[in-house]
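The same chain A turns up in both complexes below, where it pairs with chain B and then with chain C.
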Partner chain A sequence: MRMTRRRALLGAAMSLTLLAAGCGSSDDGTDSTPAKTTVSDADVEAALQAGGNLTVWAWEPTLTKVVADFQIKYPKVKVNLIKNGSGNDQYTALQNAIKAGTGVPDVAQIEYYALSQFALSKAVTDLNTFGAKSLDGTFTPGPWSSVHAGDKIYGLPMDSGPMALFYNKEVFDKYGIAIPKTWEDYAAAAAKLHQANPKAWITSDSGDAGFTTSMIWQAGGRPYKVDGTTVSINFADPGTQKWTGLWQGLIDKKLLAPIPGWSDAWYKGLGDGTIASLVIGAWMPPNLESGVKAASGKWRVAPMPQWAAGEKVTSENGGSSLAVTEASQNKTLAYGFMKYATVAEGAQSRTDEGAFPATTAQINADAFKNKEFPYLGGQKANEVLAEAAANVAPGWSYLPFQVFANSVYNDSVGKAYTGGGTLQDGLKGWQDASTKYGQEQGFTIQ
Partner chain B sequence: MVAAPTIRPAARRRPRPAAVRIRGRKSWTLTVLTTVMLIYTMLPLAWLVISATKTQDGLLSSFGLWFDGDFALLDNIGRVFTYQDGIYLRWLGNTVFYVVIGAGGATLLSALAGYGLAKFEFRGRRAVFAVILGAVAVPPTALAVPTFLLFAKAGITDTVWAVIIPSLMIPFSLYLMWVFARDAVPDEILESARVDGAGEFRIFFNLAVPLLSPGLVTALLFNIVVTWNNLFLPLIMLKDRQLYPITLGIYTWNQQAQTVGGDVVFNLVITGSLLAIVPLIAAFLLLQRYWQSGLAVGSVKQ
Partner chain C sequence: MTRRSWIGWQFVAPFLAVFALVFLAPIAYSAYLSLYRTKLIGGTSFVGAQNYTKALHDPQFWSAVGRVSLFLIVQVPIMLLLALLIALAIDSGRLYGAAFFRISIFLPYAVPAVVATLMWGFMYGSQFGLIRNLNEWFGVTLPDPLAPNLVLAAIGNITTWEFVGYNMIILYAALRVVDPSLYEAAAIDGAGQFRIIRAIKLPALRGPLLITTMFSIIGSFQLFTEPVVLRTIAPNAILTYFTPNYYAWQLSVGGQQFNYSATVAVVMGLLTMLVAYLVQARAVRKAV
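So, the complex of A and B:
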């Protein structure tokens, strides 16, 4: 799922391989008619019974159990689950394999932000062939729309990351900070906390493309508009400016801890109260439990702060889908496995293992909502998180070359965090870099 | 490794420039500089050793350069070898395998080629040499993706060959051997051996190799380090965790901290890294004097 810190080394390799992915895309993007259903559910079931070999590239830890259970139910299917590094590492490997034309897996885990890139380069197949349309309503709206490109469906949602506010209650109580309901409250809390304890910050952010786009999403900004190969990028819209206005204030007053996410320092900060809150996807609890054991009982979850009091708007942060590759020799079987993993038994098993589900059945189940999290002081956190999932703002799309765009985010926007210009300037730079790259790849940028 | 001015075996037979001898003992600038270098290189190592004694929680809650309350080194070592069904040992074995075949083969190949280039006149020698010099300048990282595409065509990605074959070509090692062979193997010996009727391979293995041995050890050490630390190539080539070298394995453990639902095991990453460099340090300490003598080759004109 998300946010691997960028590695310059990999960036170099990515840019090489992306060219191949992008070039192939320019001629087919205008074709937006979804494939007709030619494979019925009965065909899928028959393929599962007939068996065969499947190679699955996925780093999601809960899939290990799913694969084991799946092979018990369908003993003739042999699944080779390969953990191929998360995020960018896997995309690099996948694009290399596609370009080489050998060693391409049947099923790949692809994060929502990256899916359209693989869709447009025809690396992954349109699931309408298998009647995926009939799964309407099976998934929560955020992830379900994330796997769509027009009417085409390129993946089945595996998990979901509706955003919420995770906060360290001990720190909040100690400094008399109330749970911020609006972003205005949040900024005030940031100032109050840092003034009371100069070694504590409301949150950390040193520049993270995924976080930025999710925040703009919630604020109502829709900087990317994608129609086939025609793309527009505009970070000057009011929604984006709402977010940059707030965040620039926090940066200027040095109210954000300059700690990169997912680093050891970040885990340390989450444990010792240096980082008092996180606005992040609903998949966070297992990471706190595993990475910050020392802070057990201190953290709680609250709804994401709002732009106007009384609103209930959230956005998605991270989350990934499973997709069938175009190169797969046994797409029907691959789809059968995906359906098992994301809709059928797999969805329940993964939820039980701590993943945040993308399926309405699991998210609305009483057992799920009433689950008490000992780590979160016994809080029934899923009530908050399920509500967040229901309130994801519609209409967001990522660029068909978002993987590249995110990899150059820090070159422009990152500077704003270290005092080089403003966020708005940085976003303009990011927009220009993305536009230039898109044009080089044959996209029409408006 | 600090290059203290010791007596180098290979340098003994040539007259030493007077300046070096005079400065030898008491140079304050040199002492200060080497001390700074020593601290600079030892500090991360000290951090690694100290951190390897901490638990995952201790790592995050204590000062980096001093010990934490509980001493968890043995526990960490135990867990490194048992975590994920003890795959660490498998990775360590893989690395040793890649190093023996890859670095060993690379050293042999570069000795043969370097000797050939240094001691035989043939057409195109300058061109070959230019290509080698050029290859030294190309970072292996830049070649990784093209190599992957090539190997995919040959159907050997995700096999041990995908790691070993590129490891066999280390241009710098070849260059080193060429320079060394040029200076360390006198033409007169080769000529007299030929007059006595020795075959070329016999001359190489019986006469040249003993003369080349300090250079061979230098090249071997260099190749061992390069192969032992190889990360990017296996990252691109290998999918099967059972084939991973230790670098890539530890990297995937570290990545778990950046994965949703992943098991955060910084303590195992650190202890695993410490264990992984022990063989390298041992190799250096054992072969140190050859390493130094090898480095000096070519620096002095005879």
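So, the complex of A and C:
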């Protein structure tokens, strides 16, 4: 609409006005001394008893119950849980609120890949103030290292996303497809399935930065190297090429459904057998249960396919932390809520609801490993997923401006999916765009 | 005397206050922002005209400008011609159910752009949409409207659907104020319908056509809602620098480059004013 467009532009201009308040800070975020502990556990408990209001921005579905339980335990605390879209949509809203200086939540869900960007811009607070260091050993090593920047701790791990193969058993059985153990098997299964039913694909992909980086991670590629503000980006390494070799073959033979992830068509395709499997993080089961009700009982979990038979290497895909914003007026109370949600009763309640925990206590519990998932046909899926969590390949890091990099991923790599180039060319374009941005933002790019 | 002039100011003061707050202030602030640069490492510094130099040499910005220019050259004439033909048809008095026609063609304008785009997006879908159904019913393979080479045309189709009725109403209203005695006189002189259109109706539409052209130029340069909504189902066809407004938006929300985003907005505003001015100047010269 003409009017709407004009109004939208006006709105954009007005929000620019609001940004004024947040400008002018020239802190470069390179100081690496962790904050001293000034707030004790007793102070946190006192704040919880005293009560107050908290605003929490998160999209993780299992938090709804956590918030309800929390308010029963601490009746004087009022938690306002707001879903502001997931992933990038929320980061956009959060960054805008922080720039504007108003409407910033006390606690925000931030994925591991995005946390360093928020830490660098001083949007989230160093939890050493609250003695978060004492939580060493509480969380599984992967997620716990993901919330660290040097000795600083910017979030508490909420869940973790070791990758696994989710597949539609009904479709696999119907076309006589065995669970692929290696990527070679997987490519063969992709061809067999699509040949048997041209309306079914082994999986869908139309270019997803998070998926790509996780796949390169598993294949042994380490395209990003970050040392403070010195960054190197290189997608020509052998690990990356291993993955692009496999995936380019699937694209060339049109063996991937051209359905963008998380779209309506994607959910529909997962439900009706059009998309027969997903290689995705262990946090997927609750999403399948709530988004793909039609396929209840049909899906199963298997280990992620391997590059060499007999290996057990996995990588992380997604997974989020909860962080306290620097702008929060109620940081101690916010930390109290976060601890409840990620370590105390909340961790158990979220695990019971189907989330994949990042806490060692929950992941090692017999009740967790033996839990049967009705949606997954009664499978004890956590046996597979816990093993995946234990086998995450070490040494990966994301860019300190990964949120930006992911937002422009499809500009260059998208061409590989529409027939205008190869994945390797696309990744080179992505590397160049990320390099240019990094330089403009003052990073040293090597 | 001074007293009287103050009373005048008091009457327009509420308007001026709102105008300054919601119109002038954001423009001034954008211009101010465009002179600075904020880095993640290094903070904010004054850079003078550097952002403008960068914009003038930014291939992504010019690719966006090129895309909306192409859109303008193709979509606007098609839409206005359609609107003109429909307005003439309804005004001719020979159409059965003219009131129904008028309302139903105008109705899409009442549909919010986001809803309209979602709706068309469903139809464009070659996996689960109308395109798939058509392919199955007729055993054909239609080209995918959301492919990179067709997506601009697909958006043109949506905006045409949205705005034909709006432009038609403006043109039709202008036709309604033509003195009917002119038509009678023309008929007595033996003029046919097409002669009447050429000699009476089209000259009467000169002003309204200029207005609708202006609105359409501005609308084309501001193209934003449709690409943003379609990107969720066509992530590889719609780039983050698809249109200038999209680019400015991406720069600020995706890249936190508020200063450069403001620069792009200012340059695009000036460019829009320039084109609108040239079109108007040309139209006025022709009229004289």
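Rule of thumb we're sticking to: the second predicted complex is superposed on the first by the 416 of 446 C-alpha atoms of A that agree within 3 Å, B and C clash if a C-alpha of one lies under 4 Å from a C-alpha of the other, contacts with A are read in each partner's own complex, and residues count from 1 in each chain.
FYI, a residue touches a chain if its C-beta (ideal position, glycine included) is under 8 Å from a C-beta of that chain, and two chains touch if they have at least 3 such contacts.
Nothing here was measured: the structure is a model prediction, and the numbers come from that model.
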item	value
Which superposed partner A:K268 touches (first chain B, second chain C, both, neither)	both
Chain B versus chain C as contact partner of A:E440, first or second or both or neither	second
Partner chain(s) touched by A:I110 [first = chain B, second = chain C, both, neither]	neither
Which of chain B and chain C A:A282 touches, first, second, both or neither	neither
Touching partner for A:A187 - first (chain B), second (chain C), both, neither	neither
Contacts of A:K99 with chain B and chain C, given as first, second, both or neither	both
Which of chain B and chain C A:V313 touches, first, second, both or neither	neither
Chain B versus chain C as contact partner of A:T62, first or second or both or neither	first
Common ground on chain A, meaning residues reached by chain C in one complex and by chain B in the other	1-2, 4-5, 9, 12-13, 16-17, 92, 96, 99, 264, 268
Chain B residues within the chain A interface of the complex	56-57, 59-61, 141-142, 144-145, 148-149, 152-153, 155, 157-158, 232, 235-236, 239-241, 251-252, 255, 257-264, 266
Complex contacts: residues of chain C adjacent to chain A	22-23, 25-27, 29-30, 33, 38-44, 109, 112-113, 125, 127-128, 147-148, 162-163, 166, 215, 218-219, 222-225, 232-237, 239-241, 245, 248-250, 252-258, 262, 265
Interfacial residue positions of chain A with respect to chain C in the complex	1-2, 4-6, 8-10, 12-14, 16-17, 19-20, 23-30, 88, 92, 95-96, 99, 117, 120-121, 206-207, 229, 257-260, 263-265, 268-269, 274, 400-401, 403-404, 407-408, 410-411, 414-415, 417-418, 420, 437, 440-443
In the complex, chain A residues that touch chain B	1-5, 9, 12-13, 16-17, 57, 59-62, 82-87, 89, 92-93, 96-97, 99-103, 159, 262, 264, 267-268, 271-272, 281, 283-284, 286-287, 290-294, 318, 353-355
